[in-house]
Each structure stands twice: as structure tokens, then as C-alpha cells.
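Each chain carries a letter (A, B, C and D) given by its place in the written order, and its residues are counted from 1.
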Amino acid sequence: MGGMKKLINEPGDVVSEALRGMAAAHPDRLRVDLENRIVYRKDAPRPGKVGLISGGGSGHEPMHGGFVGFGMLDAACAGEVFTSPVPDQMMAATKEVDAGAGVLHIVKNYTGDVMNFEMAAELAEDTEVLSVVTNDDVAVQDSLYTAGRRGVGVTVLLEKIVGAAAEEGRSLQEVAELATKVNDNGRSMGMALTSCTVPAAGKPTFDLAENEMEVGIGIHGEPGRQRLPLAPAKDIAAMLVDPVLGDLPYQQGDSVIAFVNGMGGTPLIELYLMFNEVAQLLDRAGITVARSLVGNYITSLEMAGCSVTLLKVDDELVRLWDAPVNTPGLRWGA
Amino acid sequence: MGGMKKLINEPGDVVSEALRGMAAAHPDRLRVDLENRIVYRKDAPRPGKVGLISGGGSGHEPMHGGFVGFGMLDAACAGEVFTSPVPDQMMAATKEVDAGAGVLHIVKNYTGDVMNFEMAAELAEDTEVLSVVTNDDVAVQDSLYTAGRRGVGVTVLLEKIVGAAAEEGRSLQEVAELATKVNDNGRSMGMALTSCTVPAAGKPTFDLAENEMEVGIGIHGEPGRQRLPLAPAKDIAAMLVDPVLGDLPYQQGDSVIAFVNGMGGTPLIELYLMFNEVAQLLDRAGITVARSLVGNYITSLEMAGCSVTLLKVDDELVRLWDAPVNTPGLRWGA
Amino acid sequence: MGVENFVDWLRDAARTLHDNAAYLTELDSAIGDADHGANMDRGFAAIVALLDESTFDSVDELMKKAGMTLVSKVGGASGPLYGTFFLRFGTALAGAELTPATIGEAFKAGVGGILARGKPELGDKTMYDAWAPALEAYDAAVSGGSGLKEALEAAAEAAAKGRDATVPLVARKGRASYLGERSAGHQDPGATSTTLLLESAARTLA
Amino acid sequence: MGVENFVDWLRDAARTLHDNAAYLTELDSAIGDADHGANMDRGFAAIVALLDESTFDSVDELMKKAGMTLVSKVGGASGPLYGTFFLRFGTALAGAELTPATIGEAFKAGVGGILARGKPELGDKTMYDAWAPALEAYDAAVSGGSGLKEALEAAAEAAAKGRDATVPLVARKGRASYLGERSAGHQDPGATSTTLLLESAARTLA
């Protein structure tokens, strides 16, 4: 374990042991298929309800396993750390949560995730499957010359909102359209103060000097778009909010869900401090914060840093956001 | 800012800016007195209800400000980072939340916190004030030759449980007795993988080599009781659980709320992994996990590490634990 | 030339990838997410476990099963890509005699699978930058009358050149593409593992 | 000898504590929570702000207000302890003439306040290990006929010795006590700030 400071046993056992912990901590709400590494809502499948599945590499907790439960996901497939899960998992989860109304795959836009989910959808022949691919990261600029924008913070908001719609009994088509609407109205940008260490790698993915930060990172501990000198929170907030605002673009009079997310190693006190900066920038831009979310929800192991996600909302989206949800990671009204 | 990697502006402004962020993020539930650094439940005082106040140094978020709201605290006083708040704050909060039924001060056992709360209670003459001092940290062994055991994880569970009782309309005396009962039945032990950096100090409080950890720490970034070689999660779990179990002592057949808490910089995947180890140890000891809590709830800035708290519960405590709560940091049923 | 040789290849490849896991992960740390070594190692360890517990009558069956194993065990980008390579390689060999030419057809089908899944283009700084020149060199060698060993050696050499040529490129596919210009100056991990696989083939298949 | 001298003391103490803030915090890092320097600096900066905006007619009023300021601005253990010292110091001087003896009475009352609040015993490794010998030395000097300046110099010297003597001690009060044996070998931050305060008094009051 030299050089790596983690509460783990063998690096290869991290994912399965953490899943065991989830099962032990939430027996009331979750059922965990340890062999296939799938976290199920305890009462899945829900008759008549569209099944919602997501999944991805581990290391982003609480996403996705922590978002399984009433009003959100029916199942989450956990891959190795930062490695998308395999089609077998997605297929098994798809079959298990299908109650006849079909299944929506919520996929973050990464080559691996997209390919594996595609293979799973091809293979799950008996179930009607639609997919939505989230791609809200404005740090990825030239979509034509890249793998396209990454799916980041919007994924959390989407799982909540679409989960509420599925709970209402909407059809697969409607749920998928809503998912697309959410993705289309959301944008994100992230930064890192430190690297993280993939357990199997045993050392930090990149080195950052004491006075440097990475801006335009994703959620896999990868270096960002730019390495810049460390800056005050006020300046960092502007570096994140400005490109987000300019991209959709968000306009004066818009209402948004403002989401300041920690990358895993940043404490809440700093996230609230960042939220203060973000709220001021939005206020100056004439944008109303309809709802907010502050905390570590889509993370990169123990990386220090944060991301800002804005989701432009109308009354429908706010209503679905406010609807009851009962998952280990997000809970209200239930 | 050299040598310190934080999302902050001026070190001296961290607390007030984070409070501004809380106010901006939770306008529906909280009212923040920025001058006095007090987080109030929006609808405080609640007629006929005993007022519950806590407070302490900042840097432990979400504790205590994040535990203000329906079913938990009426007010929380925020001190500077790791410095107890001052009597003026506690007095102001006491007066503000007193609805005639009296006020309970929930104080963690640190010399500073105890003295400042004492002075506040002496000064708040017109209000009936009782205090409970939490002291659950078994790492502090010789209470006679020390400032006594520190108040740590049990404080979170106590604020929830006692908050539910106050919500039911119990008297100040009853609420204080319940608080004592909770404190008497809870024990904790913590460890650190890394130090943290107090913003005003600008560098880590202590240095730990790559292959070392501190066992028996509190929540102020202080060094622990012992410096030991880094160990696997399984061994760390035993180092925390065994002294806790032996202290009350907890016995075969007991039911507990099992609380695995992160110190701020440890990601959820590791906390669930730790919970898996803790659950196995409890199972082997014949102790039933009635309820569980896993996450960063009482922290030491960005310190990596965790603590384990066990609270022996009966049906009453479980019922109060399950009662609805609506705070930024802990929420269910509402 | 038969199943045994392909079993040898897979076992030798597993060893090589295991020995190079830290190296591959280091390459992936620079422009990706630090898991390529662990991914390849996990996948090929699963293939070895499969070889330990099952016997195979035909190369097509073996290679298909190896491909399915990679798809089922690896995940990430490399799982579907390498998995599809082996699946299509095996499928193409079904019922065929094992000759440099039929193996060349299978090779082509496998690379076609990678193209279909990942839609890489030459110069995108992916494993395809090693696969494409390798396939071309193989075909050229076989057309020129070379035997399997020579052809595979030519393929491995071409792969290595393709791998080296990824260094200056700006990535346009996969995770490295997020880095934009910052991806230049780093060798692609997938092109590196592809080269290791083909070097292993040249050592063992003949 | 009047209010101005005490104002000088508080201003000089504020400067000294500000200059030593990092040092005090470093001492507190070793056996506490790394805030003692910031705490003292914040408290005395607030006193300076008070001095800048108000004038005081009497030393008792000044010292009481300074004590209240410390109580209101510092927090932690040192806020109530130093705050109570100044509060009681001021209260004891109410209506009294300023002589080495009356100042000695006030000194005693102040230290009594620290005892009442923190219940330290000698050798607990706290600020009291500096206050107690300082008070004793002051009284002895005044009994021996010394003037204020000499008495304060004796007090500061005794405080410094008491401070140095905290180094080998195992703490039994305050945060350092949690460390058990590990607290030995470190100088107590509170005893250090107390010594700075008294050295400042010896420089300015006379």
C-alpha cells in the first residue's frame, strides 16, 4: 500500500467491499447483487413503471449506487474504479428491472460507457430499451475533434428529475424525451486542486505543484484542459460559471437549479463558500436560483476540487425536482 | 495562499463566506444572522417547543449549521475554524429561540466550548437553560488527568434524536434527560490518514509520513493518541470498534445505531468499505445494527480518515431516530 | 499450427500485459484515467482462468470465448474494442483452415470490429494507429510470400512504429481527446497494448 | 501612571501578539488545534479597534472593556480565560488609586478569574504555569520594596521560567491533555502568550 493513503484492503477488492458496505448500510432500501455488482432498488421491478438504469466506473460515489431508490434509479451497475461496467451487468440489470414498460439507460458520454451500454442494449433483445447520453461538460470544446462532451453533474440532476417522472407512470418515450430535455438544458465545468489516486495504480494520476490547479477536468482523475496558478475562490467561480453561462447560453430571467459539487476530497465548508461566489455571479447575470444542491454527489475518489452545474428549469422540471425521493444519496419528502 | 490548497478567498473570511453560502443555498429552511454567525431554523422560535442550540468551531461541516431545521436544531453558533464560538453568540441564539419552554445547549466537551457556553448560560438570565455536554470519545482514556473525553460523533446522533423529542413537545427537563441518555449510551473512536490545514495557519497541523496514520484523534486536526504504521481497512476497523465495544461495554444482543463518519477528505467509497468491516465486527460480537449512518457528518476540514460511533438504542431511541427531519445535512420523512 | 499455438499466444500475452500493467497505467495516467494496465491485466487474467478450466477444440471457438471474456471482464473503452477484435477474429475463422491467408482474413475482420465499435480514424491517437499499419504490413508480407511468423513479425514491427507515431499526435478519440493540445507528447496506451499483443503473437504463433 | 500607560500596554501587547501569531499557532499545532496565534491576534486586534474609537476615563473601565472584548471576540479556551483575567483585573481596580500594591491586587484577582474558569493546577501545562509564578514574583518584588517596573520585570521573568518549565510536562488540562504522554516535549502555547503579555507590561507600564 506504500504511497497510497486510503481506507482499503486489497486494491482489487475496493469496489466489491464498498458494495458490501452499501448492502449492509441500506438493507431497507437496497438489494445488492454482489456477483454482478448491481445495486437494485429493493422493490424493483415496480409494476407498470419504466425501469431506470445507470452505471459507470466506481469512484464517483454516491453516484450511481447511492441514487438507487424510490423516485430515482431502479438499478446501478458498478464498474471497476474509473472503468465503465460491462454489458453483462447492464443486461442483467435491464432484465431485472423491466416490468413491461421498458427501460431507460442513463449513460454518461465516455467512449467506454457508451460502447458497453450499446452492446448491452443490442443484447437485451426482449426488453424495449432507450438510452440517453449525458454530455454537459463545457470544458470539452471541439466536440467534432474529440469523443464529445463528457457527462458530468447534469447526470445527477437528470436521474432525480427523470426518476420522478418515471414514478408518475410516464411512458418510456416520454421519460426518454424528458431526459433529453434535461440534458439539453444543463451545462457543467469542473476544476481540481489535487489529483486522486486510482487504487490499482497506487499513485496519483497526475502531479500538481502546491501553487497550481487544473481547470476543465472531468470526473476520472484525468488532467484538465488547462493548468493554471492557484486562484482565490472568487476567480475560480468565475472560471467555472462564465463558460457555463455562455454556452447554453443562459439568459437574464432564466431560472436554474444551481449545483455546486465537490470532487470527493473538498469539505462542505469550501463548497458553501463556492456556492456563495456562484450565487453572486448568477445574481449579477440576472439568473434566478430556483433550487440549489451543494455537496459531494459526483466525485473523483479523494480529489479536491469542485464543479458547477446549472440546469435551466421550467415549472415542470422544478416540480419533478421537488417530488419525493428516497435514496441513500439524495432524499426528501419521503 | 502558498502551501494551502483550498477553495477560499482570504483565510479570515472563510467562516462568514461559507455562512453566506448556506444562506443562499437554503433560503427555504434557514435564516442566517451573518453578524452574529448564527444559523437559525427559518421558523424559529416554535411556540411551545424547547429550543435546541448547539455550536462550536467551524470546520466540522455539516455539523452544526447543517443540522438546523425541523426535527433537529433551532440554532447553531459558528465559531472561527476550530475555535469555539463566543458567549455573545450563544446568548443571542438562546434569546431568539426561546419560546417560553426553555432552551437546551448541546455542548461538545472541549474546554473552550464548555467555558463559553457556561458564560452564555450565566448571562442569559431570563431564559431557562439546561446544558448537555457530549463526551463520547474513548480515545481519551484517563478522564481524571485530562480535560475529559471529547464530544464527537454522538453529538450528531444526539441532535437528531433529541430534536425529534423536542418536536413532540417534551419539556426542557425531559429533553435534557433524553440527551443525557443518548450521550451515556454512545461511544466513538477516530483515526486520520492525513492532517488538515487550518486556513489561518496556512500549513498542515501535523506531518504524517506516507506510511503512517494517527489513531485516537478528535475533530480539530489535532494529532491522535498514537502514531501507527498504515494498516488495511480491516485492521483499522478493529482498532476503532474494539475500544468502543469494550468501553460501554456493548454486549451481545444489544442493538445499535452504527455510524461510520468521514473526517472530510475521505470519499464515500472508502466509508462504505469501512462500514462493511464494522458491520462484520458487530455481527461477530452479536450486536444488531438497528440503523446506520455512513458519510461525512462531523468533520475536520479536509482531513482524510474516519470515526466509528455506536449508540446503543432501545425502541424509543429508534422511533425518535426514524422521526422526520429536514435539515441541509440530515433529511428524511419530510 | 493449431489451438495450442493460440492458447500459447493468449497465455504469453497475459504474462506480457501483466508485466507491463504498471507501464500501461502510467501511460494512461498522463492522458487518461490511469486504468489501462489494470483493465488489460484483469481481462487477460480472466482468459487465463478460462484456459485453465476449459479445453477448446477449435481456434474460432477459443477466440470467440476469449473475446466474450474480454467484453465481460474489462469494461471501459478497451473491453468492447479488444473483445470485439477477438470475437470477430474467431467468427471469421469458423470452419476455415489455418493458413497465413485465413488468419489474415480473421485479422482484418477483427480490426474491422474495432473500426465498427470505436469509429477511429488513422491519426486519432488510438489503438487503431497500431492495428491499421500492422494489418497492412501483415497483408503485404503474406502477399509477398512470407510465412505466418514473418508476417506477424512485420505486423508487430509496423504496430510498434504506429505506436511510436502516436506520441506527437493530438488525440481526437477516447479520453485523451479531452486534453486537446495537452495530449501531444504522450504515447497512446491502447496502441501500446496492441503492440504488446502483436509482439506476443509473433513470438508464439508459428 | 494612568490610563495612557494601560492603553500603551494593550497596543504593545497587540503588536507583540500579532508578530508572534504564527509562532503561537505553531506551538498549538504540535499539541493543540493550530489556532492560538489567530485567536490572540483576533482578540487584541479587536481591543486596538476599541482603543481607536473610544477613550477611557479610568483604568478599570478600560480593562473591563478589554476583557469583554476578548470574551466576545476570541472564543476557544483562551477567550474566556484571558477575558476573565482582564474583567476581574479591571473590576478590582474600580475606584482604587494606581499603586504597585493595588495593581498587585488586581493581578491576583485576574489570576483568580483564570483559576475559577479553567480550574488549572500548577503543572497542568497551561497558561496558569506562567501566571502563578509571575504573580508570586510580582508580590515578592513589591513586598521587597520594588517599584512597578521592577515588579513587572520580575513577573515577566518568572512567567518565562514557568513557560519554559511547561516543556517537559504531560498536559492535564486543555486540548493538549488528549495527547497524553505525547504532549511532553512541547511548550504550552497559552503559557507562551501569557509571557508575551507580561513582557509587554514590563515594557510599557511604569
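Keep in mind that, in the parts below, a residue touches a chain if its C-beta (ideal position, glycine included) is under 8 Å from a C-beta of that chain, and two chains touch if they have at least 3 such contacts.
Here's who's who by UniProt: A, B = phosphoenolpyruvate--glycerone phosphotransferase; C, D = Dihydroxyacetone kinase-like protein.
Bear in mind the structure is a predicted one, so any value in this text is a computation, not a measurement.
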{"item": "Dominant chain pairing [most C-beta pairs in contact]", "value": "A-B"}
{"item": "Separation of mean Cα positions, chain B and chain A [Å, integer]", "value": "28"}
{"item": "Rounded Å distance, chain A centre to chain C centre (Cα mean)", "value": "32"}
{"item": "Mean-CA-position distance for chain C and chain B (Å)", "value": "53"}
{"item": "Multi-partner residues of chain B (at least 2 other chains)", "value": "none"}
{"item": "Chain D, residues touching no fewer than two other chains", "value": "none"}
{"item": "Pairs of chains in contact (touch as defined earlier), listed by label", "value": "A-B, A-C, B-D"}
{"item": "Chain C-touching residues of chain A, taken from the complex the two chains share", "value": "57, 79-88, 110-112, 115-116, 118-119, 139-142, 145-147, 150, 198, 200-201, 205-206, 218, 220-223, 225"}
{"item": "Of chain C, residues touching chain A in the complex", "value": "22, 25, 29-35, 37-39, 42, 71-81, 117-118, 170-175, 177-180, 182"}
{"item": "Parts of chain B lying in touch with chain A, wherever the complex brings them together", "value": "1-3, 5-10, 14-15, 17-22, 24-26, 58-59, 61-62, 66, 193-194, 210-211, 213, 230, 232-234, 236, 264-277, 279, 289, 292, 294, 296, 299, 301-302, 304-306, 326, 328, 331-334"}
